[in-house]
């Protein structure tokens, strides 16, 4: 039997739906299942309507689904809104008696989560009760859940843990007289990899890239990355400073990088706008920095807690004039981890800024990552502090064939390091000379050839198909699932996933795209930005685009429906 | 006989080379000649080396030239640097006796400008002396120059005017024993149009667009625009505020526009970077604003007083997420005037931001504009303050077919106006609703179809040629001159000049470009940004690109040389 | 006669139950009613944050702008039409963090707007990071070792910049706050009212009770025109937090200093081609 | 022994003859020599402007950054390697205009950098627009009717923000200025030295003579630890401009407060995979 169950848990902000989701996800993960948790939160602290989608499967899952098998409604609104989305035979778990106001075409089960929780010791245990009832209905063994509670609450006083276990028990009991159509016999195996969200994966990647300093200004959905860094900073030589604004943040990062530590900042589009000028400063001074832009819908404040992929063209072109930069957009937590570590390494090696495009969906969603997150044994330093032969004649911007000049650090040796945001000569002094300007532009762009070699080609699944779906960043999971669905429906379809976006992998993509009769870009923006870039850089014109930009992540089902319509 | 003479006047910053150039330019202009003055200044107030190029012709001239017939050297360095550039037979006028240090392959004439000036009353008259000697050598009648002095110094005390005339006289006398090979008999006719720089043309255009408010933060080369506005603001209802930074500037402009006046700001790339977030605010609140980005070379501070065309892709994509905007890049002062006025009108009509790309070369250079700058008799207002039928039900973002909602003004009537940088509903309140989001994105983009109709197609010269040169913005003059030179050399070549850049004139350009065998983009940047856009938007691939990015304006000669090499 | 109901907005409130913002909202309504300012005469500009959502919860003209940018928006709007009554609803992060530079320079301009800074010592909307006014040592998820930088003192800074109206209110003292807001609006020029406000979700230090135990009305004999006395109050080192008007002294506001705004607002001028023609023929 | 010659830079100077910046440059060299700080121990960070060109004209490590951004750059650099002596050369526009927000928050952080604010009351490099410190009424090409907003008082603002070292110098008093710079560098924490400087090209009001007629050394009996006394001096309403140290009081600087910087600078830590492995296996 194949398990692919989706549970929606909804209620007001502040009711703790995230706790329920997390407990359930951990339980499934521990059982060796694949699981995802996807947030749908409003930009408020209490009230309103928020929900999470929990997808549980015995096969890898990497994207949201439209199928809904169970709704856990902590309030009436959740019932009203989501009950209609339930698959035939689905079940609603509701926390109170709203029978009068409810339509009857779906089965529901009432559990007085709050009341039961009080019996166990406190009404705040209601979430544990709800998780218990839900898990029981899914067929999860109780001791599995108990173990999860033990590891989750291992820091709290024993009494609270005991109460939680009690609440879980009551939750299980409450499920006894109910059956869930898709309940399955849980064969507990060892966990498949790591349960991780994109934000944490970036933070891990930063440490694997030897990040020592981070400055930031809080902005959803980027804050999670910094929060993870803060949580981990207790044990590693990493200083994190909350700046007064994003301009300060990026400039602090540049200052720290200049002085010799690897440094990053994370923000969302609004903050990235404010950092544009600093990006150019990093470029002209050839200071390595990493900027994460966790995308959300705009323009301006837009939808602060939701997802988008609409800043691609912006980050490629941001800041006045032109300069080489790296742009990456990971598609999974593991890619986020490894791309972040690479971004630090490449940024330092080439002395150029690197930008990582995340988004709210990838940042905030929990995934099971099967790849192992390895700490590298060593981290290469590309600075030239110790082995300068002629410190007096040191020139920070000495012309070289590669365009990369030896980078000494200030106050770390006898060489004086001078950097300058004006166009400068080899020594780092302001220049007005036309030839020097030409040479410095050429020097900076000389790096591109070698940078291109570091760009990994897009990954292709089902190469040789007639039709290709092409996506980037966090669309990977849904796109690949859609490809498989389409193939199951006898459509000869493959997929292309682009992570390394700039310098643009034009040759690799041309080779792939020139072979097919049709290709469709799949993106979370309005204007098919990758599609436009492909046309600009390769001359290949996409057949059509599957686009979504209302802030909710696109599911495989939406893609397959759209493709089928377009193919018709 | 055809006149096309180029005079270089060089010296240290602060020595007044600009005064010499201006006096000479006015004299030529008054005589009915065509003239240009192009600056080459360093970013400093005193010292260093700066120069201007004065191009004088009896036929229209719109760009720099590499030919040099006379050098007026206020210091030795000017002689050393520019004497080698002189055309065979050219003359150097030098202010002091540096005979020993000078190479002898060019003729030079020493005039003790300072000493002569003292004789006329004060050493500060040296510039008048130098202008006098130069004009005398060119053959300009003295009374013409005298009249220019009278109108230039009509505000100063009589004594100073008399001294200036005396100094001019001495300057003329000093030229008596010298001849200039290209001297010509001046047939004084009436002036051909207006002597104007791009900055002033933008300021005129702003007034013709009924600009009432401007906020700015000083930044070369944009400051000239604001300076002209300030100079004109004495008599018109226009308030100008120097903001604490560019972020404040753009937001003040948005606030003022929201409250009901047309408003603009002007900056250069660094300031534009900082304004990116504000640009998005204008977009999502649908507040009409005009931003001028007077481009200079970057990245970052770059070459503050020099020219570039490297922000095109940036301004098209600036700010998070996507929204419609206008982008224009005028090629001449008259285009700057009319485009600016249009930008105000279109921005208000469509309730979208409009960006005007100027650059240092167009902003600071003096041109003879033959077209007449007309003040429109009326300026249409598109606000809906007076005729709202149902003020209580007023919705700032009411859905309409055109995407344009009636725009009432705050505190101007009973309707309450609510705007919001979050995604919002028709009333202007924050929304989290997915359908409303979709509808609002669609509403904003619904405007594009009508916006496209306002986009004027590129201008073509010598349509039907085999080869086309394609340029945008301030490259117009040099590109067209190059086309004519190439045609004179029997190359069947035409030119395309793009002013209205966004929404991109894709259909018009495809039609033009698909007809030719080869086309070359001519741009002042490193990566052929227009070329890239053309490929992205039309699929047409440019044959090659003529690019320059060292901050100095490209001349027709450079273009023809490059094209000939590429055609070989 | 206007009543507080005239400012009622149907738009559902977003704040947490028990939040100090409700007290501020009520005081605003009562102040506006007290001054007889009808909704269509008022423009409320805000940045981004919980505080900045305020204008949605009232009847008024509203510009809910960008994080940190309320003051330049308000400045531009006021210059365009100085007949509007312009209020700024802003948070401590909005006004003193992201918007710190505008705060200083708006004061220098003495632009005639009334700033209500909802000071809850925390970034509420982004879930509880320290703000510029967070007390040293305050622990948050993002500052687990406690805040290590000094708290921003908005009143002292405003005073040192020459602000003409500087006051402190408390969301738990509605009547006083309403009076302060009225006085601030009546003041011709820049008026700062820094309003202490508990954030029940994220600020566990400065609770309602914590404030209640400390706020004291400024003594009657305080001389509002004595800048040094005001600074002493603002810099006061004991536990008490004086509320009321620290300093009040009028001088011509920005728009009062611009001759061409004497007759009528910029918005009311007509386009006059003859003026431009004169310039073009110059 | 180091002499001022050891700081000589061959790079040609860009300033106008007679500019007050030369006096500041000389005082810097003499202060650095006086402290025996060799060029390779010093990092000078600057923004953009005439003042900000200073580090090119000295031997030192130099980060000539963006307009307004010297302080965040300096902050990041100091955190990365707090063994460096970090100076900031900045202008009144750079530091109090574009960089105003960073100015305030760097003070709150008490980051150990010494700020030399070349205060010429004008935007020099961009040719003479008013700056935040331009006096009311000062006419410029861009402000032909005179400046209509109040001048920014950097000393009062710094004091109200709790700055630990606040001083005023004058480019025409080299010895005093050199001493102030030495004291500023010795001060552990944020040090502001606002340096009055004539701009011979654009500021026709505050000339060398104008300053000469007004600057007076702070009286001997001034108590450097008395904040209110310092504020009185800074806000002083008569014509005199006191020079010297207004306020001095040490408290732990930003980097002193971070435990992991106790042993060695961040730059000197090694990458240790075992720490990361522990986290990854958590």
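Letters A, B, C and D mark the chains in the order given here, with residues in each chain numbered from 1 onward.
The working rule: a contact is a pair of C-beta atoms (placed from the backbone, for glycine too) under 8 Å apart; a residue touches a chain by one contact, two chains touch by 3 or more.
Just so it is clear, the model here is predicted, and its values are computed rather than measured.
> Count the C-beta contact pairs for B-C and for A-C, then tell me which is higher.
Between B-C and A-C, the larger count of C-beta pairs in contact belongs to B-C.
> Return the chain whose centre of C-alpha atoms lies at maximal distance from the corresponding centre of subunit D.
Centroid comparison gives A as the farthest chain from subunit D.
> Centroid of subunit A to centroid of subunit D, CA atoms only: how many Å?
Measuring from centre to centre gives 41 Å for this pair.
> Would you kindly tell me how far, in whole Å, the mean C-alpha position of subunit D lies from that of subunit B?
37
> If I count partner chains per residue in subunit A, which residues reach a count of at least 2?
43, 48, 244-245, 247, 270, 277, 281, 285, 300-301, 420-422, 430
> Residue numbers in subunit D touching 2 or more other chains?
Counting only residues that touch two or more other chains, subunit D contributes 14, 48, 66, 97, 100-101, 104-105, 132, 258.
> For a test of understanding, state which residues of subunit C touch subunit D in their complex under the given definition.
97, 100-101, 104-105, 108-110, 132, 148-153, 156-157, 159-162, 227-228, 231-232, 234-235, 254, 257-258
> Give the list of subunit A residues in touch with subunit B in this complex.
Against subunit B, the touching part of subunit A is residues 42-43, 48, 247, 268-270, 272-274, 276-277, 279-281, 283-285, 295-304, 308, 310-311, 313-314, 316-323, 420-423, 430, 432, 434-435, 437-438, 441, 445, 525-527, 529, 532-533, 535-536, 539, 541, 549-552.
> Of all residues in subunit A, which touch subunit D in the complex?
204, 207-208, 210, 212-213, 215, 232, 235-237, 239, 241, 243-245, 247-249, 251-261, 263, 277-278, 281, 285, 373-379, 409-422, 427-430
> Quick check on the complex: what are the subunit A residues that touch subunit C?
Against subunit C, subunit A makes touches at 14, 43-48, 217-220, 223, 226-227, 230-231, 234, 242, 244-245, 270, 300-301.
> Any idea which subunit C residues touch subunit A in the complex?
It comes out as residues 14-17, 48, 50, 66-68, 97-98, 100, 123-127, 129-130, 132, 141-144, 201-202.
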